[in-house]
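There are structures below to look over.
Across the two complexes that follow, subunit A remains constant while its partner is subunit B and subsequently subunit C.
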Partner chain A sequence: MLRHLFTLIWNRKRANFLLITEIFLAFVILFVVGSTLVYSQQNYRTPLGFDYEQVWQVDLDPGMQPRAQRAATQRQVIQRLKSLPGVRFVARSSSNTPFSGNSNRSDLRRTKESGGAYVNGNFYYVEDAMRDVLAPHLIEGRWFDKRDDASTRQPVIITQETREKLFPGESPLGKIIPNGDQEMQVVGVAGTYRASGDLSEPRAAAFLRVSPQDTSFEHLETLLVRVQPGAGAALEKRMTTEILAIGKGWSSNITPLAEQRAAQLKLIVTPLVALVVVCVFLIINVALGLFGVLWQTINQRRTEIGLRRALGASARAISAQIVGEILVVSTFGLALGLLVAAQFPLLGVLGVKTSVYLTAMLLATALIYTLTAVCALYPSWLAAGIHPAVALREE
Partner chain B sequence: MLQLTDIEKVYQTKTIETVALNRVNLTINKGEFVSVMGPSGCGKSTLLSIMGLLDEPSGGILELDGRPVKSYSDKELAHLRNQKIGFVFQSYHLINDLSVLDNVELPLLYRAGVGGKERRQRAHAALDKVGLSARTTHFPSQLSGGQRQRVAIARALAGRPEIILADEPTGNLDSVMGEEIMDLLLGLHRHDGTTIVMVTHDEQQAQKTERLIRFFDGSQVA
Partner chain C sequence: MLLSYLKIAWKVLLRRKFFTFISLFGISFTLMVLLVVYAMYDHTMGPHTPEKRVDRLLFITKLELWSDHSQSNSGASYSFLDRYVRPLRTPEKVSIATDGGSLVAYVGNQKLKLDTKSTDGEFWQVLDFDFLAGRPYTVREVREGAYVAVINESTSRRYFGTTQGVIGRFLEADALRFRVVGIVRDVPASRMLTTADLWKPITVSTVDLRDPSYLGPCMAILLARDAADIPTIQQEFRQVVSRVPVPDPKAYTEVRVYAEPILGNLLTRELFRTTGPDNGTGRFMALAFGLSLLFMLLPALNLVNLNVSRMLERSSEIGVRKAFGATSGVLVGQFLVENIFLTLLGGVLGLGLAAGVLHLLNGSGLIPYAHFTLSGRVFGAALGVAVFFGMLSGVYPAYKMSKLQAVQALKGGTN
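Up next, the complex of A and B:
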């Protein structure tokens, strides 16, 4: 029977050409949108790698204060904030804080003698206290501490993505990573750290230690503060006034990371939702088109259907044939679509994991088959009701 | 085999009511070769389509092998049409998008337990009988009227039915070809014991059958 359907569709390829094209295009669009969604969803489900609840970001603006005095004032601010009831930990950070959208990328590479492998990654400058503020997940080695004060090399903690690229199959602890004319030494390995947000891909990154003696202010204007659970507007207000009191002409801006995260998510999810809405309308359109074509086909083929009934096809066999035909037509369209879709993982242009594409292909295929089958249900029911004697006399 | 008791068929249109069959009583015995004659519009095709289980009579009882056809479900009727009956339509009714061979295979497609290979073989054999083995890959639109008629006959033969209902099977054939088809039907009747009911306008052909039924205005007159 299946062969018969293929023969029939093949012989009617001219008539089915538009239908096949429509299904092909619908598939490609579903595949692209599906890939985007699957990709986002997979990233969303990956742990962020830190704890952002009860962490506030404090952006400091020193105003007109002379450069030389800024670091000292900042130190005072930090001391005061630490002493406030409700504040647990405070740490200086580079501006690429979680959900900020800022990044500070550079190449992380092995020494020439070790092969010179490299990977581009985000550099996070953090203080020792960051362990308590953001609580990044440590897999191996240790977090920064006083021991590092004596170190002649810049201590660095790499994330597991960096380790996979630079140190596959070996322990990175104690290894040297050149950084310009200086050298960094790995003291620990952290788990995935996705400060770029919920929908960002896990990428290589490294934490670089800011020592307490570091008096530079320019790239450490941001403070991250872990507060007690339940701390709210009152503490925020207090912090603002304290900062103003210490730094003449200073101003600050305090945002809970949870708020920053929500704002970022909204920004990213809105176009995704728009995409899905457009896609749904498109699918409805395709479905209506399919439905119309099928309906019309049934009317054009009444004699043929009557004949099949006369030759012994049961009503159910006729229904099955109509649904089967559209599934075969879909198969032709899908085959073309899959051919196109397969180019994405094969060429690897976007650097997205193959599993994302495969899942999207599977989803799009299932959706198209379901859609066409559903569209064929009513026409197939109509076809099954065609009376042989009546239909055969109409010609 | 087929028993018609007081069969009536009334076509109802908006304006008029046409009585196509009026209280027809008829028995077709197993293995009989019956021809039906009558003027155009007297109800011959209607009679055949009722006997072929394609249409329901408006009144009366049709029995097949002693059982009233009314008592069969739709599925059983489909099964009977497929297994027992071979229908040759007055206007052939071939599927234009299928090759001659695929058209002839069609009834076997709806028969369980007949594989693709056997279908093919039987279709070839049937086409051979009507002298069309050289045209198997053609499409209906590439055939003459007479050739199409022969494909329609081959299709009815392919299922090796017990009953063949043929509506003017030689209507579009020249006398030589018509003669051959007639011989073919006579052969099926004689050697395979096939029951045949044939509508014809050809008096000579009708004489060759065992029984001749004449119709006039929806009623049997002889």
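Up next, the complex of A and C:
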């Protein structure tokens, strides 16, 4: 029966060519949109790895103040902020704060000589107090503290993604890795840390300690402040006033991380929504078209169907044939589409996990089959209702 | 003759309403999506306030110190633009402003974050803002470092609660007091190079005007005397840049900075992140054209499928016409006209839908201060796209119909 259907469609491949192309295109679109959605959803479900509620980002702009004085003024600002009621912890940070869209990427290597294991990771320069501000999740070892003041090597905490690449199957604690001409010593391992945002892929990262003696200002212009729950505009205004009172000619900008997150999400989700809306419209369009074409063909095939009925085929068999035929046409289109879709995981161009593509392929295939079957239902019912005597007399 | 074709087309449309609905649904939605995208493009790049004379404007927003191994790029510094761009002879006027910035004002305990642009006095002569009240600050006020500001309508409402009688009152932000000298109509956030909530003299900003380094937070806007002068200005600027000494010649070999029209500047530098001499406008156009073609392909195929499968309905008509001597060419013409008529009808519906969607977008606040409208250019685009879509989806069915054998067609067969 199935073979028979395939032969039927194959023999009329020129007539079915347009339908097959249409289904092929619809599949490709569903696959692309599906991959994007599955990818985003998988990332969204991964934990961020830090606590952003009640954390405010304070951007400082020293204006025209001479460079040499900036760090000292910043120190005063931090002292003052810490003393305000409602402020719990303050820490300096590099500008790649959560949800800011900034990144500072470099290669992390296992050994100084090139050729060993390496991974490109985000470098976060943080102070000891960052443990209390963002509360990154620690898996092994310890967070930076006073003990690190004495160490001759730059202490570093790597995330689990970095460990998997650089130290597969061994404990990284105490290990020494190069950083340019200098050396870093691993003191701890943190869990996944996705400061790039909710929909970003978990990627390798490392925290580098900024010691309290560090008086550079340029990479550490940003402050992260953990405030008491319930702190609001009053505290924000107070903070701004205090900062501007200490730093003459300075300007500052305070943004709660929750707000920054919402803004970033809106920026990413809006195009996704637009994509989905357009895709839904295209699919509805295809479905309607398919339905129209099938309906039309039933009218053209009345004699054929009448003949089959007259020769003893049941109404059920007729329905099955109509639905079966369109499913076979879909299979041809899908085969072409899968051929194209398979190139993505095979070539690995976008660096996305294969499971994402497979899920999207599965979803798109299922959706196309469902769609075509549903579109064929009414025409097949019409076909089954054709009375052989009437149909044959028309001829 | 055309009239009778149209009459026939109308009758065919009315005959099977369900099929007409399917066709129109596909056409109108396709055109709607394209029109919305085009309206947004026009809104961002087209000649609208404040860049009304956009065809006469050039922008310099990025500067790169370049070598094979090392690149460093950001905006340009004020001193660089002041020394090398301001003295250019070919532009009518040059304005220097900051890329952007922000100030924080408080209304009671309510925080008001104001996007701010610090500009020189020429800024107001190069661009055309709609002033609701007051005036722009002058070149002299900028030179003297006066604490004056032009604010937009929304800021005036939020801070003062009104737009009436605000001129001369003071707005306090970042512990500075600015005297409001003018109120302008809101500039959509999509005009990325000129939008702000508050504009103030660059001499009262945190920008160091004497900082000798090339990289900085500023941009320049050049107004040409005539749209045709644009290449001349670019030429002159290229020559000036080629003589600019490279700072830190050990690390860098080249200073890369270009004066470009709004599209080349804004979209391609941001989208492709290119810094070389080619700003990628050509690539962007090709990409946009390719994508919209790809997007139209599926609905077009759908329409082709429908039309081909409906050929049988018309076979006796075709047979009669052929029998009476109509050539294939005439028949192809007729069916194409019919299809274009259909797509134009869809285009009208699409325009209506697009107007609705743009209205929703305006109301949603997705892009602050956006006010998308269907301009004459959008109408033109709609017409063009509809005709193109009609051709795309009509040629194959028309060809197939015209190829029907007269005898077969009269008999009522298709193959």
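One rule holds for everything that comes next: the second predicted complex is superposed on the first by the 391 of 395 C-alpha atoms of A that agree within 3 Å, B and C clash if a C-alpha of one lies under 4 Å from a C-alpha of the other, contacts with A are read in each partner's own complex, and residues count from 1 in each chain.
The working rule: a contact is a pair of C-beta atoms (placed from the backbone, for glycine too) under 8 Å apart; a residue touches a chain by one contact, two chains touch by 3 or more.
These numbers come from a predicted model, not from an experiment.
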| item | value |
| --- | --- |
| Touched partner set for A:Gln343, first subunit B, second subunit C, both or neither | neither |
| First (subunit B), second (subunit C), both or neither touched by A:Ile29 | second |
| Touched partner set for A:Glu304, first subunit B, second subunit C, both or neither | first |
| Partner chain in contact with A:Gly289 - subunit B first, subunit C second, else both or neither | second |
| First (subunit B), second (subunit C), both or neither touched by A:Gln69 | neither |
| Touching partner for A:Gln41 - first (subunit B), second (subunit C), both, neither | neither |
| Subunit A: partner with more touched residues, subunit B or subunit C | C |
| Which of subunit B and subunit C A:Ala315 touches, first, second, both or neither | first |
| Residues on subunit A lying within both footprints (that of subunit B and that of subunit C) | none |
| Touching residues (chain side subunit A, partner subunit C) in the complex | 18-19, 21-22, 25-26, 29, 61-64, 232-234, 236-237, 240-241, 244-245, 249-254, 270, 278, 281-282, 284-286, 288-293, 296-297, 299-300 |
| Touching residues on subunit A, where the partner in the complex is subunit B | 1, 3-4, 7-8, 11-12, 303-304, 306-317, 387-389, 392, 395 |
| List of subunit B residues in touch with subunit A within their complex | 49, 52, 54-55, 74-75, 78-79, 81-83, 87, 89, 91, 93, 95, 97-99, 102, 106-107, 109-111, 116, 155, 159 |
| In the complex, subunit C residues that touch subunit A | 18-19, 22, 25-26, 29-30, 33, 101-104, 106, 109-111, 113, 174-175, 206, 208, 295, 297-299, 301-306, 308-310, 312, 366, 414 |
